[in-house]
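Note that subunit A is present in both complexes that follow, paired respectively with subunit B and with subunit C.
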Partner chain A sequence: MSDERDIVLDNVSKFYGDVLGINRVTLSIPPGITSLVGPNGSGKTTLMNLLTGLLQPTHGSLRVLGISPDRPERLFRKVGYCTQYDAFPAGLNGYQFIYSFLRIHALDHATARQKTLDALERVGMLDAADRRVAAYSKGMRQRVKLAQAIAHEPQVLVLDEPLNGLDPMARAEVIELFERLAESGLHVIISSHILHEVDLISDRVILLNEGYVVAEGDIRQVRSEIQSHPLQILIRCDKPAALAARIISQDHVVEVRMHEDRQGLLVSSRDAERFYRAMNEVVLDEDIRVEAVTPADEDVYAVYQYLIGTPRREAS
Partner chain B sequence: MSELGRLPWGEWRRQALAVFRLEIKKNFLGRRALLLYVLLVLPLLPLGLWTLVSLFEELPGEVKEFGAAQMFATAVFELAIVRFLLYIGSVWIFMNLFRGEMLDRSLHYYFLAPIRREVLLVAKFISGWFAGSVLFGLLTVVCFLMVQVSFGLTEAQRYLLEGPGLGHLLSYLGITTLACFGYGAVFLLFGLYFRNPVVPAVVIWGWEALNPILPAALKKLSVIHYLMSLRPVEPAAGPFAILANPTSPWLAVPGLLIVSALLLAVASTRVRRLEIHYTSD
Partner chain C sequence: MAVYERRYRGYDGPLTPERTRFLVLTRYAMPRVFASKMFIVFLVLCAVYPAVCAFGLYLPHNLNFLKVIQIDPADWIRAVEEFLFPARFMSIQGNLAFLLVLFVGPSLVAPDLRNNGLPLYLARPFGRTDYVLGKLSVLAILLSAITWIPGLLLWAFQAYLMGWQWLTDNLRMAFGIFVASWVWILVLSILALALSALARWKWLAGLGLLAVYLFGGVFGGLINLLFDTEWGRLLNMGDMIHVVRAGLFGEELFFDFPLWAAWMSLLAVGGASVALLARKIRAYEVVR
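Up next, the complex of A and B:
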């Protein structure tokens, strides 16, 4: 039953001749926003193209809501894919680009027209609808591709670098749109280099490196599984020295560093749960006024850094 | 209800029409149409000049002898139109249907729609066939009329309105349409199997060009043999030509259609498995 609701990959590999695309990927992706994160060549686009049938797996099998991706006539009733390919059928304007696509869905003129206008409005492209796509800016092309992907109201949205080329305002709007779509029960699968935005919107992440899934799941859960790097916690309080003196004696605490302004501590601990329990005790015992407790490296950026290496500049 | 009756024919027809509309625009108005228009102009310029000159200057008597216009027309049709212009035009049209869109990275537009790849292939093929037939059909008509007029306006009128001229013209048009269908199926297949379909197209062109001097049995392994079997007027054979009996139209037409359909069936299995990876990530 869950197969019908989820996206399931079972031991999927893809080779381009001798070159590895992805290897032995087994995943089950539930509804919500799932981000694919990894450096260039890690297999993100390969994975997305496999999900949408643009590529066929060399080994293994895939099902998207119970449908095999080699049945495009069924798959794309439920799936919308915003590719990173920036080429468009020549001579079409924004409206025609989406309208013609919906006519290939076998929709009648009136329905296709209405859905086209709705989609363009959702991405803020209604005013530019009668301009040729070839004359669009990078950001506009990105938005019209997004409109194409959502126009037929799919249940699964696959988005390859959808934030590329968008200005900050457009990014915020598009991210809000993703969140609304995910809240309405859609699967939204995003690949992005912009890690802090991935971190903000993702319900779960899939980290890929050199064709392998390095980690997957809720980011906090993934972080907690990285034993080689103790969790760093930033505490802002009025008696940091007292807190430091008590907390350093805990066996799971690796390091305690005083903040420059002497109003806080950076604690490294191998066991977050035990640390939080111990900290609560100390705070009560010493009557410490705590302003803030923030995990300093419980985000995609840190996880990426620990598992893959320092992200490239644009990944930050 | 039979299995065939249960298939969503109505939906497929609507989808094919949507693809057809897009492709027709590309074939007639897109960048890819430029070469086709150049090909159309190529014979029209010299032939137009020849016609103009002939209207004002008396042609030598031996040229104007009875039947010379028909011989000239069939030679222009075979050598200039079918063997050269239509051949190149068909390579261009049908090669671009899939391979061209892989090169300009726009094929995924269709591959992301809920359309059976076989339906897509048929719709694209029909659009190419339609475009080729219209463009080269027009060329056939214009060239035919020019040739006839160049041999005398009165004779041309008599030949077309009172003689077999109109029938001959319809035959040429039929051959043009059939040529677009046959060559179209071949080049569509090449476009799916070869990274550079021009290479096998040149090889086939060479084979077709050798057709007049091939032994009778080998002649039959070509498209041109069946097309030329349908000519209403037999031109003079060259000095090295090996003669072979033309194939009956009752065999040539369905034969070409069946072979083309088989090629399209092979192409559809290929397109079903076709992958898109313009770039690696």
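Up next, the complex of A and C:
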């Protein structure tokens, strides 16, 4: 049953001649927002092309909601794809762009017309529908690409760098749209370099590097499994010295650093659960007033840094 | 982790027939072709020669005209058949067909490839064959309008004027017009699409098409001259379709060339073009 609801990759590899695209990827992707994260050439786009049926795996098997990619007629009805690159047939306006592809999707004129208008409205492009796509700004082109991906009401949405070029307002609107779609049960698969936004919107993350899946799942769960880098916890309180003195004696605590303003400390611990338990005891014993406790490296950026290396400048 | 209510339902409404879906591309390409005034003028010019032929076919059946020129109608009809229709008609309209392909063909695939448009088409229930068929149909429809459609109309007009006997005696002519036109349409169209896919720039694809057509002929002529042979004609597409046409119409050729070789030559051009299209029309180009 779950096979028909999820996207399942079983030991999938894709080689371009001798060049590795992805290798031995086994995943099960449930509905919700799943982000693909990794440096350039890590295999994100290859994975997306496999999910959309544009590429066939060299080895292994792949099923999207129970449909094999060798049944494109059924698969492509379920999948909406928004490419990373600007891809527009020449000379069309926004309305024609969406409408023509809906006709290719085999929708009749009246249905295609209605769905075109719906899709343009959802991405806030109705006013610009009769302008040529070539005259659109980068952000408008991103939104109209998104509109063509959602117009035929797919159940799986694969979006390659969909936030690129969007201004903050448009970005917030698009993220809200993704969240709405995901909440209603759609699979939204996003590749992005904007890690803090990935962190904000994703239900789960798939980290890729050099064609291999380095980690996958809920980001907190992934972080807790990285034993080589102790979890960093930021604590703001009124008696940081007292807290530090008691905490440092714990065997799982590897480092304690005081803040310069002496109103907080940064603790590195190999066992978050034991640390939180110990901290509660100390706080009660010493009557410490705690303002905030925040994991300092329990996000995509940190996980990326620990597992892959320092992200590029835009990956901030 | 979010809670998913599964309220979302994908589209499961009625669909248009799968077999005719490729015509969506044709429908969208046509307005762009007809947006050019130069093209419309060209298309009108393509109708001039068929109109002259129709006039020539009609004249021997006009008594007033016969009284004026004092020529035996049978001689006139023979002259028309020899100099106007069908042989010269096929040759002239065939050359115009090449010019039309030169005008329209290069812009059919190249812009999609240059603008990364193929993933958009192919990430839908729409295969590579549908894509090529959609683009091919643009050329096939336009070329039909200037080759076999006016050809068969002229043939039907002549049959109407001459009577049942002429019609039954000249069925081969109708068959020849239809088949020779389609052979030329398919070879030119597939070649133009392949070059458009290969070049990615329409002006370059146009140059390529011109080079294949003209330089093939020149190079073939050079081979004939140097080696005192006729096999150089294999590189001349114009000569090859001429041989095929002559075979279909049962006409004599002014040079000696085997019919099978002409068919093979055109088949080879078509086959190579299809192979090129199969390689280039992909959602993603594999860079090695």
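Keep this in mind: the second predicted complex is superposed on the first by the 316 of 316 C-alpha atoms of A that agree within 3 Å, B and C clash if a C-alpha of one lies under 4 Å from a C-alpha of the other, contacts with A are read in each partner's own complex, and residues count from 1 in each chain.
We take it that a contact is a pair of C-beta atoms (placed from the backbone, for glycine too) under 8 Å apart; a residue touches a chain by one contact, two chains touch by 3 or more.
As the structure is a computational prediction, the values presented were derived from the model and not from experiment.
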Fit-or-clash call for subunit B and subunit C when the two complexes are aligned on subunit A: clash
Which of subunit B and subunit C A:D218 touches, first, second, both or neither: second
Partner chain in contact with A:D203 - subunit B first, subunit C second, else both or neither: second
Which of subunit B and subunit C A:N40 touches, first, second, both or neither: first
Which of subunit B and subunit C A:V144 touches, first, second, both or neither: neither
First, second, both or neither for A:A119, with subunit B first and subunit C second: neither
Touching partner for A:L265 - first (subunit B), second (subunit C), both, neither: neither
Which of subunit B and subunit C A:S184 touches, first, second, both or neither: second
Residues of subunit A touched, compared between subunit B and subunit C (which is higher): C
Touched partner set for A:Q56, first subunit B, second subunit C, both or neither: first
Offending stretch of subunit C which, after superposing on A, collides with subunit B (from 145-153, 163-171 or 217-225): 145-153
Contact residues common to both interfaces of subunit A (with subunit B and with subunit C): 16, 19, 49, 52-55, 72-73, 76-77, 81, 83, 85-91, 100-101, 103-106
Residues of subunit A touching subunit C in the complex: 16-19, 30-32, 49, 52-55, 72-73, 76-79, 81, 83, 85-92, 96, 100-101, 103-108, 111, 115, 148, 152-155, 181-186, 203, 218
Partner subunit A, residues of subunit C touching it in the complex: 1-2, 4-11, 13-18, 21, 24-25, 28, 32, 111-112, 115-127, 283-284, 286-288
Contact footprint of subunit B on subunit A as seen in their complex: 16, 19, 21, 40-46, 49, 52-56, 70, 72-77, 80-81, 83, 85-91, 100-101, 103-106
Contacting residues of subunit B [partner subunit A, same complex]: 11, 14-15, 17-19, 21-22, 25-26, 29-31, 104-106, 108-117, 272-273, 275-281
